[in-house]
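Pasting the structures in now, so scroll down.
Two complexes come next, and they have one chain in common, chain A, joined by chain B in the first and chain C in the second.
This part shows the complex of A and B:
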């Protein structure tokens, strides 16, 4: 089963866009539910993206790519 | 975090926070002081999560009075505590240097070894994001020049965590100089190469040991902090031209691992030192002297340095980038070295 990792709607205030500043797990890596997988920067503040489920990570949006709330940035194969 | 061992990466900011949290859990004498280190988690992210876990007694936000709180840290350390205190920008050492180099660095000597000062002074260094002349300096050489304190400068998260743990456990004062562009904070011009696989369990990296991060036969590139990443890019570019560069990451300035540098240059015969600190009277000159006074015969060419020009750091982005070391300048320095021979 494939589960997308999307930028949560309540991650930051307002509708501003963010930039992925770091992937903390390599593409193809195994992660567990709740693991910190990426950081997104919005107006100089860093926000954390956690894995919604356990699985093997496939990255869709690379570091430095612009993302908005709801953007699918990766998927997890369980 | 339960990620498979070896796959989890951290930014330097997170690595510093994790090392600090782990030491605070097992040693009640460790505490943190500084400006915005509390609920904000540090302007550069390196105290994130600490206030939430340890509370306001052990993670203390201070007023903007470095003289007072760094002085207080020296007192606390002399009395048995293990403070970690942050000077937010190293550029502002001017207002608190007496506490640092006359008290922190000398109390052990003055007391005949009866007083230990086991504290960590962590401070941000470096530029590249247009923060101008009072927020962009490295000043590595200024601190390393003054006896009585160890000085470390990590280039990646693995070393940052191990050096931080070693610094907290060290009975001597340690100045932990982290480069802003390596912190993993996007607005500071993040260097991706600093975010690397970092073990979850506590470990130390020995203070005073350099690391050969890339082996090579034709040229030795010596650097520290952000400069290591410039060197790795330069080594890659030189590799495409058929030259095999070795890259030495100093990691620690005091003690300085001269042996690793000398052994590398003995092998390659060519030395370029890359330093974002000012050109004159600094790290780059010290490294070259360490080789030249030991065995000048090993040098096939005059050593060179790619360092910050002796000018105040410009605010204008184009001017700042013109002044900063980068891979192109390192490659050019090597070409010049070959041309002069």
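This part shows the complex of A and C:
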């Protein structure tokens, strides 16, 4: 089963975009539910993104890529 | 030897830049672990440094720029909040507020976090006799954002945040930080940031006249007055 990792919808108002500032796990890495996997910056705020489930990470958006709210930035294969 | 900073003290503390940044991360972690629901740190470094998010390390010319600044007495340090390079020195006072927030409510918005720190700061400035303090962007200032504390349109306080989930539940922990130049000429600090800009080959330069130090607006300001700002963050 594939579970997406998305940028939260309720983090900020308006249509501004964020940027992926860091992946904390390599592509193909095994993560546990709740592990920190990435950081997204928007409006000078660093937001930590956790793995919603345990699984193998496939990164879809690279560091320094621009992302909107709700964007799927990676997936987890369980 | 480093002494741990006191959480929610109304006395201004004087750590090194590195100790202050570590204390802020520790404060956020205390909220994440459920040890606190609200706390703050007020500190002014006793040394100097140019502080930035770690992603700047990926810039091609970063190692040379870092070495150049270190030679001039401005070592690079990394912080957990977002934004771009900001100088820290004994001329700067920092206030960091950490708070537990319920996800799904208005507290989940970044805007709420900036107002949580910035609105009382503007109110405090008004109490000290500054009539034209507000929140907003300052074009031409370093580390600009939409929620600087401004005096007459010039940047007094730069603000930034970090959000982390509270362990074992859906609540979030917010760390919101403000850095305010209190004394000295803003041109000295702007020059440090512009030096870094030159070192990494970025053509953007910042303008000293877009910044203001607190003592330009309040010549008689005493750091002890800070307790009346910190009191505004209780509850």
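Quick note on the criterion: the second predicted complex is superposed on the first by the 76 of 78 C-alpha atoms of A that agree within 3 Å, B and C clash if a C-alpha of one lies under 4 Å from a C-alpha of the other, contacts with A are read in each partner's own complex, and residues count from 1 in each chain.
Convention: contacts are C-beta pairs under 8 Å (C-beta built on N, C-alpha and C of every residue); 3 or more make two chains touch, one makes a residue touch a chain.
These figures come from a predicted structure and were not determined experimentally.
> So, does A:30 touch the first partner chain B, the second partner chain C, both, or neither?
So A:30 only meets chain B here.
> So, does A:47 touch the first partner chain B, the second partner chain C, both, or neither?
Once the two structures are laid over each other on A, A:47 reaches chain C alone.
> Which holds for A:10: it touches chain B only (first), chain C only (second), both, or neither?
Once the two structures are laid over each other on A, A:10 reaches chain C alone.
> Of the two partner chains, chain B (first) and chain C (second), which one does A:56 touch, if any: first, second, both, or neither?
In the superposed model, A:56 contacts neither chain B nor chain C.
> Which holds for A:21: it touches chain B only (first), chain C only (second), both, or neither?
It touches chain B and chain C both.
> Once the two structures are superposed, pull the chain A residues common to the chain B and chain C interfaces.
21-22, 41, 44, 46, 63
> Please name which positions on chain C make contact with chain A in the complex.
53-55, 58, 80-83, 103-104, 108-111, 113-114, 143, 145-147, 159-165
> Mind pulling up the chain A residues that touch chain B in the complex?
Residues 19, 21-26, 29-32, 35-36, 39, 41, 44, 46, 63.
> Residue numbers of chain A touching chain C in their complex, please.
Its residues touching chain C are 8, 10-13, 21-22, 34, 41-48, 50, 63-64.
> Flag every residue of chain B that touches chain A in the complex, lowest number first.
Interface residues on the chain B side: 1-4, 7-11, 45, 184-187, 190, 192, 195.
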